[in-house]
């Protein structure tokens, strides 16, 4: 079965992101496919390259990146939600004339259309709300 | 009268930050002093240097910075909450070996003690919760 | 005397109940953000408690003409003044 | 058949009420995160609706021994299986 | 797009206090652009989004009513409200910025079963 | 610090679902380090923080109970719970990880008036 996930919560602020991560691991372990994980609202902060939690806490952005590398996951961060909230890739940093970018490797910024496409193409869309 | 403000919400995600900004402007217009504005929880994103809202939307981090320059405000972002959420100054970027920093000029990272100190030294502490 | 602020709608019943239970005579309850919707309920306030709603939030949500008598509307300057007149400000959210 | 998930405590009464009202026979209600506290209430579920709670969240909150009969505990794999067995997943938050 | 699915967006939050209401509308509009059938159900505090007379300039936000009024142009014309939510708030059709269909609990449960993808905001 | 003020922290959120409960405790501990008198009131879903038997390893979080048990070491020994919150949840002292004083509504209103700074989380 092909899943897509919609993640609405930021790491540390809300448990939704951690729940989504555990779900993704469990689905992959059972041999299911994941078409896309879409980060929306405050969920865009899952794609932060700068998040630096203490060593004894879960580093969710790093875990997403590692999971994506292992399973070739499509991690898409809503571009409109992200730029408002200060999550930029190199292109957007250039466009908005900002001195730095902070989107983590393994994530990409794209439009809300990627959420609609994911819902259409996948057997199930699971929302992790906050 | 001397106020301090505690801001718990991120711009765009929750209205608390905008309410706090309007309160600060109004207090200053009435001739009151503001000892400190402390950003905690998701409020740390008020200190983002990279937030890039559309031109017809309120750019709260830029407004905080301008207000601070005009009135010599002490804008303190809770360091523990900020580094978890990916808001770093140059020092923290170095410490965590991160390739960039994104704390806006006019804000500084400091400990939760600055919140306690603000509550003690000010006549009133006003919380803008989320 | 305490200024209580509340920024959540009345559907967050547990918050509204705890806030109302904490009011004492001479306290003021200021409704702001989504909290202004609480003004549309018949709030049972203790005697001597004043209830006000923040103008910008009342206007944003289009509820100005629906406010019952007994709810005053204050602007941002009035919010600041209320903070001065009370001994402490407690925010419910 | 719909899998409904709920991640807010029962103090968010409006959410719980709307969620319960949307359940039909053969639907499943999965409680997760703070939603597992809803399992401690006597939920009035329509006939033929199964109610389960996510193991990691039950254990985190120390409520395993307090769960009433009729609430099953499922692990993360069970959550994934429920998503497969139902036609759609609707998250209440 | 090879497949077509029917979408139901449930919008439960009041306007302006958080970004949820705006995000729900943006999702509905985007999905409609993909030429998928989209319905919206306003439930709980979400019915406050439909209230007429909103003037959010003072809180520096854009008027949600303008976006709501644009929905029919995107062929989003199946707009529903929860009957309980309206009654609890003492609201009726005359209070709202655009015409909607009022659904009771059974109607809402049936609406959910009749859609392939149901998203809550 | 030249002045001294009495602090009351009101903690209303359940553990683990969000960072509020942790932030409330961190604020209480930090304020105590500044040698200010600090009391904590657990109200609403906040009373769930005190429940014994929490095992948050499965959700990859640190046990809040450990921090709660450390409060007396920081001279935070005035811990209160809301009587209504306990009764609504069918909880009593035996369910909790540490001893607390149960306050009714009048007691809570009085507690608020007796503190200089009251912070809600």
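As written, the chains take the letters A, B, C, D, E and F, and residue 1 is the first residue of each chain.
Going forward, a contact is a pair of C-beta atoms (placed from the backbone, for glycine too) under 8 Å apart; a residue touches a chain by one contact, two chains touch by 3 or more.
Nothing here was measured: the structure is a model prediction, and the numbers come from that model.
Undergrad: Just tell me the minimum hop count from subunit B to subunit D, counting one hop per pair of touching chains.
TA: The distance in steps between these two chains is 2.
Undergrad: Is the contact between subunit A and subunit B built from the same residue numbers on each copy (over half shared) or from different ones (under half shared)?
TA: same
Undergrad: What is the chain whose Cα centre is as far as it gets from that of subunit B?
TA: It is D.
Undergrad: Let me spell it out: compute each chain's centre from its C-alpha atoms, then which one is farthest from subunit E's centre?
TA: F
Undergrad: By number of C-beta pairs in contact, which two chains lead?
TA: Maximum number of inter-chain contact pairs occurs for A-B.
Undergrad: How many Å are there between the centre of subunit D and the centre of subunit F, using C-alpha atoms for each centre?
TA: Subunit D and subunit F have C-alpha centres separated by 28 Å.
Undergrad: Any idea how many Å lie between the Cα centroids of subunit A and subunit C?
TA: The mean C-alpha positions of subunit A and subunit C differ by 38 Å.
Undergrad: Go ahead and note the Å separation of the Cα centroids belonging to subunit A and subunit D.
TA: So the centre of subunit A lies 25 Å away from the centre of subunit D.
Undergrad: At which residue positions does subunit A touch at least two other chains?
TA: In subunit A, residues 12-13, 15, 19, 41, 57, 125, 127, 129 touch at least two other chains, as defined above.
Undergrad: What parts of subunit F, by residue number, touch at least two of the other chains?
TA: In subunit F, the residues touching two or more other chains are 16-17, 19, 44-45, 59, 61, 117, 120.
Undergrad: Which positions in subunit D are in touch with at least two other chains?
TA: Residues 7, 11, 14, 33-34, 56, 88, 91-93.
Undergrad: Name the touching chain pairs, would you?
TA: Applying the touch rule to all chain pairs gives A-B, A-D, A-E, A-F, B-C, B-E, B-F, C-D, C-E, C-F, D-E, D-F.
Undergrad: Quick check on the complex: what are the subunit B residues that touch subunit A?
TA: Those residues of subunit B that touch subunit A are 10-13, 41-42, 45, 48-54, 57, 61, 83-88, 92-93, 96, 98-102.
Undergrad: Touching subunit E in the complex: which residues of subunit D?
TA: Against subunit E, the touching part of subunit D is residues 2, 14-15, 18, 21-24, 87-88, 90-93.
Undergrad: If we count contacts the way the header does, which residues on subunit C are in touch with subunit B in the complex?
TA: These residues of subunit C touch subunit B: 5, 7, 32-34, 54, 56, 76-77, 79-81, 83-84, 88-89, 91-93.
Undergrad: Per the contact definition, I'd like the list of subunit B residues that touch subunit E in the complex.
TA: 12-15, 18-19, 56-58
Undergrad: Going by the contact rule set out above, which residues of subunit A touch subunit E in the complex?
TA: 6, 40-41, 80-81, 111-113, 115-117, 119-121, 125, 127, 129
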